[in-house]
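The data blocks that follow each hold one structure.
Look for subunit A in each of the two complexes below; its partner is subunit B in the first and subunit C in the second.
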Partner chain A sequence: MTPGLLTDRHRYWLLILPALAVMIIFYIWPLVNILGISVTEPEPGLGNYALLAESRPIQTSFIITFRVAAITTVFCLVLGYIVSYAIYNASKRGVGLMVALVLLPFWISVLIRSFSWIVLLGRSGLVNDALMGMGLIDRPLRLMHNEFGVLIAMVHVMLPFAVLPIMANMKGIDRSFVNAARGLGASEWTAFWQVYFPQTKPGVLSAALLVFVLSLGFYITPALLGGGRVLMISEYITYQIQEFLKWGTGTMLSVTLLVATGVVILAAARFVNLRRAFLERG
Partner chain B sequence: MTDSVDHEFRRDLVEVAAHRYREGRLTRRGFIAALGALGVLPMMGKGAMAQASELVIVNWGGTAADIIKEVLGDTYTAETGVPVVIDGSGPSAGKIRAMVESGAVVWDVCDSGPGSAIILGQQGVIQPIDYNVVDKSKVIEGATWEYGVGNYVYSYVLASNPKMLGGNTPQTWADVWNVKDFPGMRTFRKSVRGMLESATMAMGVAPEDVYEALGTQDGIDAAIDKFRQLRENIIVWGSGSDSQNLFLQEEVSMGNIWSTRAHLLKDEMEEGSFTVTFNGGVLSPGVWVVPNDNPAGTEEAMKFIAFAQDPELQVKWLELIGSGPANPAASPLVPDALKPWNPSSPENLATQILYNDEWYAKNQIAAEELYVDALIN
Partner chain C sequence: MSNSVLSVRNAVKRYGPVRALDDVSLEIGDGEFLTLLGPSGSGKTTLLTAIAGFTELDSGSLSLRGTDITGQTPDKRNFGMVFQGYALFPNMTVAGNIAFPLKVRKWNSSDINTRVAECLALVQMEKYADRLPSQLSGGQQQRVALARALSFRPSVLLLDEPLSALDKKLRADLQWELKDLHRQLGVTFIYVTHDQDEALSMSDRIVILKDGSIQQIGGPGELYNAPRTPFVADFLGKSNFIEAEVTGGAPGAVQCAAGGESFTVASAAAPATGSRRKLALRPERVRIGAPGAEAFTGQVRQLSYLGERAHVIVTHPGLGEILVSCPTWKAGITPEPGLGVSFGWDSDACVFLEDA
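Our next item is the complex of A and B:
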């Protein structure tokens, strides 16, 4: 082989070849098989996909999934914005510590974080015990095994994904615009809402997209804290495959969830710079 | 092919064994044997290397492999000189069939279920039980088939926490559906297995008529509707340990759980805060089957099955992991303290019905979807 044949472009391809091969063998190929099973079992055709229109539990499960993801996103954005704003605009000294506190949960597995919520929210958990001890309630509140418990835990798990893009965005904002607005007589609120907030919009939108998309595929938290009644699609897929042995339906749901997620991302691409949202966060 | 064996129950028995080990009720050796039989420890290929002079017993790893090995296996070896090897790789109907069809049979006696025994028998891949060797009278009524014979039993039972209910415990499934007099959350299995029966009985159907009532779509719909009515008070359990935790954490005041888990809970919960009633319980047997052309030969396999009918050995199973004896003669030997917890005691048998595999083979999948719908929609 003469060196001339190997252009730079070819060399780059060679570099990513191992990673690409791993992706194709362990990701793309199984995914193609999933797609294949969804149109061949139990019989060839689109019978499994017809269930999307026919099966009430499947429709409900999709509605639950999107509802839980949407509510989680809203709460994460509000809380994440406040946290980020506090980190960058309140105290200069505490920034390092506060960022560390945001990142800390990232190092603990979702499973453990979800289990901790069981300890806190249970019928005889810390929260109920404390409230009863203070005499505020006389019987335990139902804080988990319902959608409320799932939402609390999901907001907790997802919060860093909202904080990081917003924080990265706020980092690049020049305070002098707000100061100028204040100097020109704007109230604190007007200066924030008309000058500062519009500049943080890209961060907010990437955070929204990130949290929403990740929430759609959530499994552990709703399975542990939902009591079986907050049946999100991921859990329903395991139901189909493990309990009912209906691989056709299970794979159909996987493909549908994948497509739905893709549609959300494509739609969001009109408003969000995807490259920035996914590749340059934090 | 429908494989109606409840694999999850058998896997759950592994966890029960692990639990017993932590409590110090199983020896370390016993526990390691159990893990080995499960396939958790690298003991693969043991079954494949079995010689004709050995007997290979196949279970799900969970039927307290330590008991099979130490109690059944070692005692059998002591009596007959035939070494017993335990293979815990899970003899699903599909695997047994594939093995027999491939012509390389290495299993002698397998722990299966009634549904599989019937289907595999029809397909001609397992041997009829030789009731000249195996004693039919040593098996509870309804747990003998042409191609399989009961080896232990477990039940879906009504468990409750008297402390949370002020001592007023539910005695029937109708009580479980009575939220006013019996407050608190209930737990039911994530699957319809053993659950639709209780809903049907709660409507006043006599236990013996339950599967007849569930034989029509109206009957199934009515049972499903009962769950829809109760769903605000339902937390589902997925695994056996889920059901145990829900009681331990006092998340539920009652529920429909496996008798083997109840067996653990009675020792773990405070005095007076856990009880079960077998009234309206659903009893399900584990079943021995013997594949065609098993290496040790038909006679040896049948001899082992007959040996395992020994009532004293079966009482040990009950003491260790809560699986009830399949041999009615074992009941009087059960220590008094354990009698109320024995799924196959005469008193408890009288109030239970037998799990109907044929019904599940026919209706389960459709019912599961309706059940999920009732819980979430």
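Our next item is the complex of A and C:
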């Protein structure tokens, strides 16, 4: 190795040093502290972690969290796939506009988007008013403060995260594959299912992982639309710390969620090229 | 044509202001090797994909053995097609790709296995059955695409520039293989290329396209020796063009004058005396010799040595620059630039062109 190369390398380290420092001071260090608190508060030991096996509410919260994340993922994949497919098979002029519409929600805060759903789904919200006005129902439906409401808003918030990886994947697939299949005698469905769909699997798996992992730790939307009745784990943690000042339980749950998420990602790594899923966005 | 398999009648396809196909009519004979030749953008792919069913015509019709297929979807037409980029399915092995058309036709698995093995043997790819397309070289992918397109024994095989992505040596080898396959199988080949040498060496008939319309159809020899328009004369090989005035004569021996010289053209049709016509003259039909040996006198302007042939540009005060292509072993002289030479040609070397 020449000395010149060495100094080059050092210079690159200097470039990332500020970011690294910020990460260590504001992210890694607090995380270590959280881990520390979870095994020291209120008394040293693994008492907090024993709650995972003992506490009914904690178990329920984890089940709800995984269930909501899973259902959200399934709906986002189906809707996201259809949207992406439509975008790439629409006329060329429409593509830009449709991609812009997919990205538009990113410019509006999640808080606002979630509140909008409250306006729509509330007891005297737009949907209920309209349905009653049309005489289809005579009492307002319970559209929120339950898992149904949370799911609607979650799917809405997460949809772009499903569309983007699938779209990036579809962009790379040449039209000629489907044409070739058709020319060789395949029906439209067979050409899609046996030739097109298999090539979009990496995008679908990336989308699934991204949406599922983001959903696991999501706070604002479930908190607002669940109205305290759909306690996903992030909200549960907030309660422990803010209302009951149980730092031990709260931090233990945080660590557990982190580990659970890590396990999901590691398991997914067997099927998904993580580098491509998270780093190389098309 | 009596044994026509496929006919295209008055096909028109527009893309905005562009006429990709401008009233194209064509009969394709059973078992024929027909080549669509033309520069890039001349409508070759459009015509081929219209035949395959991927491109819908604005007007015109297609029929297969007398049955109208204009509105039929590609999967019903039963043509084999080799795409420009091969379009091998990346998620299937070589064998899987070749089996695909058989699976969609619901063949039973033992028949599929037999046929796939046959097809692999046909293109000498037996050893690669379990590879993925991404693990093959360009030439091998080309062979697999061919095997896949032939596996269901289509009566017509459509090929869109199948060799254009390959290097020169491999291209030459595959040209022979394709010709052999054609002879062996008796399938009708409709072959698209922009490479005139490829077209000349492989085809039974060549269709020359320009701006979406057919310029001329004919066998390679016919097109080469009797081009009808300047475009065809220039696109298939090289040509000298001479503006001549018809001064008299009769069919078989038409008298012409150009650039202060006069000469005879052995043309079956005699244009009217006094008319001005364009003549095409192939460089290899021009002889070059020592001063006085041939009819006209000129001066060598440039010489380029091409191995087995040499190209000499001779200037003549009236005729301008004449390109001469002569075998290097026969030249007899070393035509240095500036050297005075004589040149001439046989009376059947010049061809009258239509104005186009």
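We adopt the following convention: the second predicted complex is superposed on the first by the 275 of 282 C-alpha atoms of A that agree within 3 Å, B and C clash if a C-alpha of one lies under 4 Å from a C-alpha of the other, contacts with A are read in each partner's own complex, and residues count from 1 in each chain.
Everything below uses one rule, namely that contacts are C-beta pairs under 8 Å (C-beta built on N, C-alpha and C of every residue); 3 or more make two chains touch, one makes a residue touch a chain.
For clarity, every value in this text was computed on a predicted model and none was experimentally measured.
In the superposed pair of complexes, A:F244 makes contact with subunit B only, with no contact to subunit C.
Of the two partner chains, subunit C is the only one that A:A180 touches; subunit B does not reach it. In the overlay built on the shared chain, the residue A:H145 is in contact with subunit B alone; subunit C does not reach it. In the overlay built on the shared chain, the residue A:P44 is in contact with neither subunit B nor subunit C. By the touch criterion stated above, A:G122 is placed in contact with subunit B alone, subunit C being left untouched. After overlaying the two complexes on the shared chain, residue contacts for A:R56 are found with subunit B alone; subunit C is out of touch. By the touch criterion given at the top, residues 52-54, 73-75, 77-81, 83-85, 87, 89-91, 100-101, 104-105, 148-149, 152 of subunit C touch subunit A in their complex.
Within the complex formed with subunit B, the residues of subunit A that make contact are 55-57, 60-61, 64, 118, 122-124, 145, 223, 227-231, 236, 239, 243-244, 246. Here subunit B touches subunit A in the complex through residues 185, 190-191, 231, 234-238, 249-251, 365, 368-369, 372-373, 375-377, going by the rule given at the top. Residues of subunit A touching subunit C in their complex: 174, 176-177, 179-187, 190, 194-195, 198-199.
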